[in-house]
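As structure tokens, here come the structures.
Shared between the two complexes below is chain A, which has chain B as its partner in the first and chain C in the second.
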Partner chain A sequence: MMWRAWLRPLTWLAVLLLATVGMSWLAPLFHWLQPDTRTVVYNRQDFLYLLWLHVELVFASGLAAALTAMIAGILVTRPGGRDFLPLASQIASIGQTFPPVAVLALSVPALGFGAAPTLVALGLYGLLPVLRNTLVGLDGISPTVLEAAKGMGMSPWQILFRIELPLASRVILAGVRTSVTINIATAAIGSTIGARTLGDPIIAGLINGNTAFVLQGAILIGLLALTTDSLFEAIQRRLDVRRGQSSVV
Partner chain B sequence: MIELQGVTKRFGDRVAVDNLSLTVESGEVCVLVGSSGCGKSTTLRMINRLLPHDAGRILIDGRQIASFDPQTLRRGIGYAIQGTGLFPHWTVARNIGLVPRLLGWSPADIEARVTELLNLLGLPPETFAGKFPHALSGGQAQRVGVARALAGNPNILLMDEPFGALDAITRENLQQEMLRIQAQLHKTIVFVTHDIDEALRLASRIVVMHEGRVMQYDSPDVLLRRPANAFVENLIGSQDRGLKAAALRQVSELLDREAPTDDLSGEAPALLMEDTLRQALSLMFRHHRESLRVVDGNGDSVGVIRLSRLMAEGF
Partner chain C sequence: MRLRGFHRVIPVLAGLALILVWALDFAGVQPNRIVPATGFPLLSAIGGGLSAFYLVGLALLIILPSLPWRMPVVKTIRTVIDVLAILLLAGLPLSLAHFSRLHLSPDQPFARVEVGAGFWCLLFFLLLIMIEVLRDKGTWRRLMTAAVVLVVWFYDVRTGALDALSLIREYHNRSDQFATVLEQHLALSLGSVGVSLVVSFFLAVAMTRRPRWQRPVFALVNFVQTIPSLALFGLLIAPLSYLSAHSTLLRDLGIRGIGWAPAALALVAYSLLPMVRNTFVALTEIPADLLEAGRGMGMSESQLFRQIKWPLALPVIIEGVRVTTIQAIGLTAVAALIGAGGLGTFIFQGLGQAAMDLVLLGALPTIGLALLADLLFSWLARHWRVIPEITS
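Let's turn to the complex of A and B:
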């Protein structure tokens, strides 16, 4: 039964990889779409290589963002950091109304062109959902549970790692999921400021009026988003099963 | 033994507990009773240092609690609260085993202890050990809460309205269980409730609190016979005080052993030695009798209880 949880992400991964290596097999289809164009399949860069760079960018920025946001979220909910809690909540909720493209654009003057500003922008923007959900998750724990934990003689560390984080994990993970999903799409825009991503064929297609290029980039980004999202869903289910809440699934 | 000497706690300008002094002897069930907000929970939470006290001294077995490491202190004191505070992501067994685990017991000892406690609280281990808290009824969850509080084998137990959220029947069952377990274990218990009937039922001594102060500290019997002031009198209810007092005492205390019993047989039911005098009065009224037969567990007559004797006693 356990492997079935992973069936969906694995299927999407297979489809993604197949589309990545086999895009040229679809050349007749794209020809039919655009009979007047000579090159119908993007060939300036290997799709697999672009996928790799894209994933690398999202993964590195996502990891850094998630860790930073979680640590910040934990710090401002400790007795010593409580003073910063309102500020952190405000940043987390207002920050998200800021469009990701704007974050990207603003990081160029600071960091120049290339992968670095994209990485920083993705990291900064990815922080917000995780921070917000960490705060919501930790705040949502019943005060009675915390009172009991303390009253039984657990240390603050034990309470954090054995009670608070496990109980908030579902909500925090949902934040990471949002963050990563948004950043998979946002990373593509990184191509406009010189990062190499699956956005490259899209940009090239838009500039040259080649719809097939745009389509190819979009398909791969979409499949990557689906794969990642179903992976998170599978992880969430595994967490639920472990604590006996699987009756609904 | 727990001693509170002139203990005061303020929240800002508000005095929650005001110069409170109290001694709870070992093996006693001391019940703090009073209306909501009078400082009962605050008093309790100062004993295990969940709250610091602003003035006065708190001693456990003659040692100031300030001299203990707070976590060590708490691991040595059972704590059960309203709403249980069971950890929803842990099984019943893991919840109960928490304090033993914190104390570094071996896994085998922990498992044996969990099984022992589940049995003690009437929860068959085969059924309940692996359940998660969300699958428990209110009464079952509260039993697990009590088991968890007892797990580290503490001498002292602090209980903050543990049965407050339960329906009347479940609450009564748990009160009975608690009396049974206490007769077996002889813990020193500080129990908080706002329900005077629960207090009268469970306490060996009752502390009536009002606005952070002690109004009276006496045994349930004395409290009912000689309320110290109008506040206590009002709390115990002026109308049915006699019946409340009668409910605290057993038929065996006013039994006439030698009396002839033949003329008492008939349709009126007999009483058991451990029935309360309140039950005796109730049966007398219902069956228009001035005396009732008392029997032992086998149904053999052991004596008679008379209304005249009850009246002479006066409650």
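Let's turn to the complex of A and C:
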């Protein structure tokens, strides 16, 4: 029963890795698609290396964003930081209306070209869904539960780690999922500002009119997104199962 | 009694603004479009008088809310803080106009004023202060405040005092192109939202009639939403160029592998998830007791629909339109990469030529459109909420 939850992400991962390593095996197909071109498989960089860079970029920015947003979300829901709660939730909701491409583009005048502005833009943008969901999750806990915990003599730290965060974990995880999904897409566009990602073949293909390159990049990015999404799905399932067993609430 | 609510938030924001506006370059002069600018810190940038206005203003925003005011004075102090925040925000373009008077000489016709990091930080924190100030005010007050600030800004632009500003130079150089690009952007994003609204409505109605369809339809639209935009655009290019190469009809319609066709297809596909979800929820999750009560009053099915179901569903559907429109405005900017036009053309051209003003000319209006759509549809949703709250 246990392993079946992971079957789907593992399958997608296998397909992704197979496609990354074996893209050149499909060369005849791409030749048929692009008959007049000599190079039909993107060869300026190894696909596996680009995949690694893409994942690294999303993971680093996602981790930083999730941690910062959760800490901020926890701080503004403590008695000492409550003054900042309305502002924080306003920032989270207004910020999410900013299109990710525009944020990415604005980071260039501020930070120049390359991986650094992409990382910063992804990190800043990734903060918002996690912050919003952390606030929703922590604020949505019924006061009676907190009262009961206090009545049992739990310290504020215990209440935070044993009651509030576990209860909010599902909502927070959903925020992380949204943030990572957006960032995988935005990192691909990061190719236009000089970050090395799986978007490179697409951009190169669009510039040179090489549909095969575009297709290769698109397939790999799509598979990466599906792998990540199914991974989050599986984690959420596991969390629900554990929740059901322990019946804390 | 202290000023409730914002007695700590505004001083913190104003303090950060004070530090950053002092430490970073306020604005710079660019000899021409591509050469990097020489920056000036606040004092040398806008002179003693205006600097003092901003420094003292921010200092007051730190001090005033922190003092323990007594009851009758509190109201006056709150008004002072409101007015001060509006003055500081509305005066920002004047500071740039003053900067160009001080630092640009008429013998450099190509020189332009570049807005510095200090200015951006000041703008950002003043906007946050504004949000905090307007938090407990009514819609009318908020609209009035926004209108006052925007009218002052617009007036400054109209008088030509800001013509040396790099962004405005860039706009004047391509005002015709800007109109075209804006039109393309609106047509593509709003057109896709419109199409997906119609499709989603029929899908949602079909799903309420045939529950078997729910799972596959939601699985499909979820799947599409997971695929990153650049990848979906890319995946559509190959089949569309194949079709267009083999069908003269499609070619005559202007459908090709790149251009508006794959962009519109992808945008409609992306728009389906938020739209179908909200429309479906709107049509199905109507409190049973309300329908019971309606039937009890002797309403016919069509009366039930017109007087109960539809008014309850409308705000939820509009919320779906809001989310979809914001998303579509952003994705249309990406679609410029596959030749669909729109504001993204400026963004990616600017990135290609390392011309940052062009990037801004594309990116800032894109954000503006998204914010505008957000405001408009949130207002509509609130306006048409017949019953204040649905308790289920």
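Methods note: the second predicted complex is superposed on the first by the 244 of 249 C-alpha atoms of A that agree within 3 Å, B and C clash if a C-alpha of one lies under 4 Å from a C-alpha of the other, contacts with A are read in each partner's own complex, and residues count from 1 in each chain.
Assume a contact is a pair of C-beta atoms (placed from the backbone, for glycine too) under 8 Å apart; a residue touches a chain by one contact, two chains touch by 3 or more.
On a predicted model such as this, the values are computed, not experimentally measured, just so you know.
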| item | value |
| --- | --- |
| Combined model on chain A where chain B meets chain C, clash or fit | fit |
| Touching partner for A:Thr227 - first (chain B), second (chain C), both, neither | neither |
| Touching partner for A:Ala110 - first (chain B), second (chain C), both, neither | second |
| Touched partner set for A:Thr192, first chain B, second chain C, both or neither | second |
| Winner by number of chain A residues touched, once chain B and chain C are compared | C |
| Vertex chain A, arms to chain B and chain C (CA centres, degrees, nearest 10) | 90 |
| Which of chain B and chain C A:Val214 touches, first, second, both or neither | second |
| Which of chain B and chain C A:Ala102 touches, first, second, both or neither | second |
| Partner chain in contact with A:Leu167 - chain B first, chain C second, else both or neither | first |
| Partner chain(s) touched by A:Ala148 [first = chain B, second = chain C, both, neither] | first |
| Least Cα gap, in Å, left between chain B and chain C after the two complexes are fitted on chain A | 11 |
| Touch list for chain A against partner chain C, complex | 33, 83-84, 86-87, 90-91, 94, 97-102, 105-106, 108-110, 113, 181, 184-185, 188-189, 192-193, 199, 202-203, 205-206, 211, 214-215, 217-219, 221-222, 225-226, 229 |
| Complex interface listing, chain B residues touching chain A | 48, 50, 71-76, 79, 81-89, 91, 98-99, 102, 131-132, 134-135, 148, 158 |
| Chain A residues touching chain B - in the complex, by the definition given at the top | 142, 144-155, 158, 163, 166-167, 243-245 |
| Residue ranges of chain C touching chain A (in the complex, touch as defined) | 5-9, 12, 117, 128, 131-132, 135, 223, 226-235, 237-238, 241-242, 257-258, 326, 329-331, 333-334, 337-338, 344, 347-348, 350-351, 354, 356, 359-360, 362-364, 366-367, 370-371, 373-374 |
